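A single structure is presented below for examination.
Going in written order, the chains are labelled A, B, C and D, and every chain counts its residues from 1.
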Amino acid sequence: MSLRIIATGGTFDKHYDEIAGQLDFGASHLPQVISRARITAEVILEELKLLDSLEMQDADRQRILACCQNSTQQAIVIVHGTDTMQLTAQVLGQALQDKTVVLTGAMIPYEIANSDALFNFGFACGVAQVLPPGVYVAMNGQIFAWNKVAKNRSAGVFEPIR
Amino acid sequence: MSLRIIATGGTFDKHYDEIAGQLDFGASHLPQVISRARITAEVILEELKLLDSLEMQDADRQRILACCQNSTQQAIVIVHGTDTMQLTAQVLGQALQDKTVVLTGAMIPYEIANSDALFNFGFACGVAQVLPPGVYVAMNGQIFAWNKVAKNRSAGVFEPIR
Amino acid sequence: MSLRIIATGGTFDKHYDEIAGQLDFGASHLPQVISRARITAEVILEELKLLDSLEMQDADRQRILACCQNSTQQAIVIVHGTDTMQLTAQVLGQALQDKTVVLTGAMIPYEIANSDALFNFGFACGVAQVLPPGVYVAMNGQIFAWNKVAKNRSAGVFEPIR
Amino acid sequence: MSLRIIATGGTFDKHYDEIAGQLDFGASHLPQVISRARITAEVILEELKLLDSLEMQDADRQRILACCQNSTQQAIVIVHGTDTMQLTAQVLGQALQDKTVVLTGAMIPYEIANSDALFNFGFACGVAQVLPPGVYVAMNGQIFAWNKVAKNRSAGVFEPIR
């Protein structure tokens, strides 16, 4: 089965800039992550502008939606910041019916010790191949429908909402 | 959704013994892996004797089967050596119909740079919650039915067989 | 030979706070670093308040000086932020003659991929046992006298000054 | 100060071969290690055949000696297996008087979690610039003269001998 990965930034892909002394965005880690995963199916990586999800605007979300609509792959994984993941999920969930789109991200950047990034990415790549068409958030080892999830920021976990 | 993880050893869980100067088994890495994954669903970890899968006997496979049969969780992930994963999958596949069992492992131990272990584990934890009851192998970012997979040892990848 | 390690913070010891989503200070990584280094000589670790070196005040530098003066070890390694390392080195260099004090730090935090922290710490632990009494900065694989060094911030390296 | 690094193999440089499923030698990690260390002095890396030090023959030790004799750098670090490090140190120690040669290695390969390799390498790069001419072993955060050291294999540490 063929997979489309869309990189949009977020904590998952932050990079430590040693001159500025802070976390920022450089090149996406996803080419390295995909190679490390030894995926033998076809994988298409599409890199959008890498953004902290708190800085995402409507236009950025529309761009992600367009990528999903134009995708020739049925199974799509979106790597996204956690803070507004549910907002992007809502934009996509209201507009997409025919593909399986799974948003994921990380609480700790891929390049920092004890990161959940690789687990979450594996989880998302798996369920994107199996779930029925629709838009989902995959975090904390769980699958949430796009309109039934919220990030609990003080606890740092995703939770179901009614 | 509640998950049962069964640790059986394999490359995934090998540990470098600095006195002996070789890879061996110590304590399983899975408690650390599960904590790192920040899974908020219930996870039950069951640790069997950690073995190189080339040293697994019939009795070891029957023990794994019994663990699956006795599991009160519907979704089961088995961390297993890659060399005989397909044999264990066959033993389980012929005997189990009512649960979703996903075998996974790693080409590079969890504690070694560039390991696929965390990706594979995430992948397996995801699909175990979504696939219909049955026994599957999840490696290389793909899902294989228990009787339709073989490891290509010279290429180091899992492939479909007819 | 007995070694005193003084932890003062800096990039070396920054920790990613996954709730706040930023690098901050938690517990020092130095107990783990020292254990990893398998040092068989006596090592005394003294943890001061962990600070970004841009936030260090005179009083903080006087406290570091007092630690050095009170040290019963001849060889002292100070883990320090890089941005004001040369200022602390000057305070110490003007006041200390009888011990070998080596300041070091890191351009990338210990817990982030590709960090120079462990190399720098090893380098400093070595030269602190061999250099004659005095105060030194050890960064970029080089040893600098306390009054002959400056950080080139745009290049991110330490350079000799006359 | 200019440094010569001589790679000879040993645990430090072992690499996990995922097809064979065992630790072996591939390309040396030292180019990556040197780059990670951000050394601004001149560093010359000389790669000999990478060997497990238990398999080193007299001819291999003579080749290492010749590299040291031909070195235009005064300060030399040799990355070597720990099991026969003291034997190579004796060959070099009896023949070399005019350069500072420091042998080091690792108890855990560079690419495996919790490795002491980067610490040891930093330590050796430091003391090689400061110690008087002679041949030394640097392990466990200590410096040993070439004829006053032995590896305690059951404890996995280097110890002074008389």
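Here are some notes:
Please note the rule applied: a contact is a pair of C-beta atoms (placed from the backbone, for glycine too) under 8 Å apart; a residue touches a chain by one contact, two chains touch by 3 or more.
For reference, the UniProt names are A, B, C, D = Asparaginase.
Keep in mind that this is a model prediction, so the values were computed, not measured.
Remark: subunit C and subunit D have CA centroids separated by 25 Å (rounded to whole angstrom).
Averaged C-alpha coordinates put the centre of subunit B at 38 Å from the centre of subunit D. Per-chain Cα centroids separate subunit B from subunit C by 44 Å. Listed for subunit C are residues 107, 114, 156, each touching two or more other chains. Chain contact topology: the protein chains form a single closed ring, every chain touching exactly two others.
Taken pair by pair, the chains that touch are A-B, A-C, B-D, C-D.
Against subunit D, in their complex, subunit B makes its touches with residues 11, 16, 18-19, 21-23, 83, 107-109, 111-114, 153-156. Residues 1, 3, 33, 36-41, 43, 107, 114-116, 118-127, 129-131, 138, 140-143, 156-159 of subunit A are the ones that touch subunit B when the two sit in their complex.
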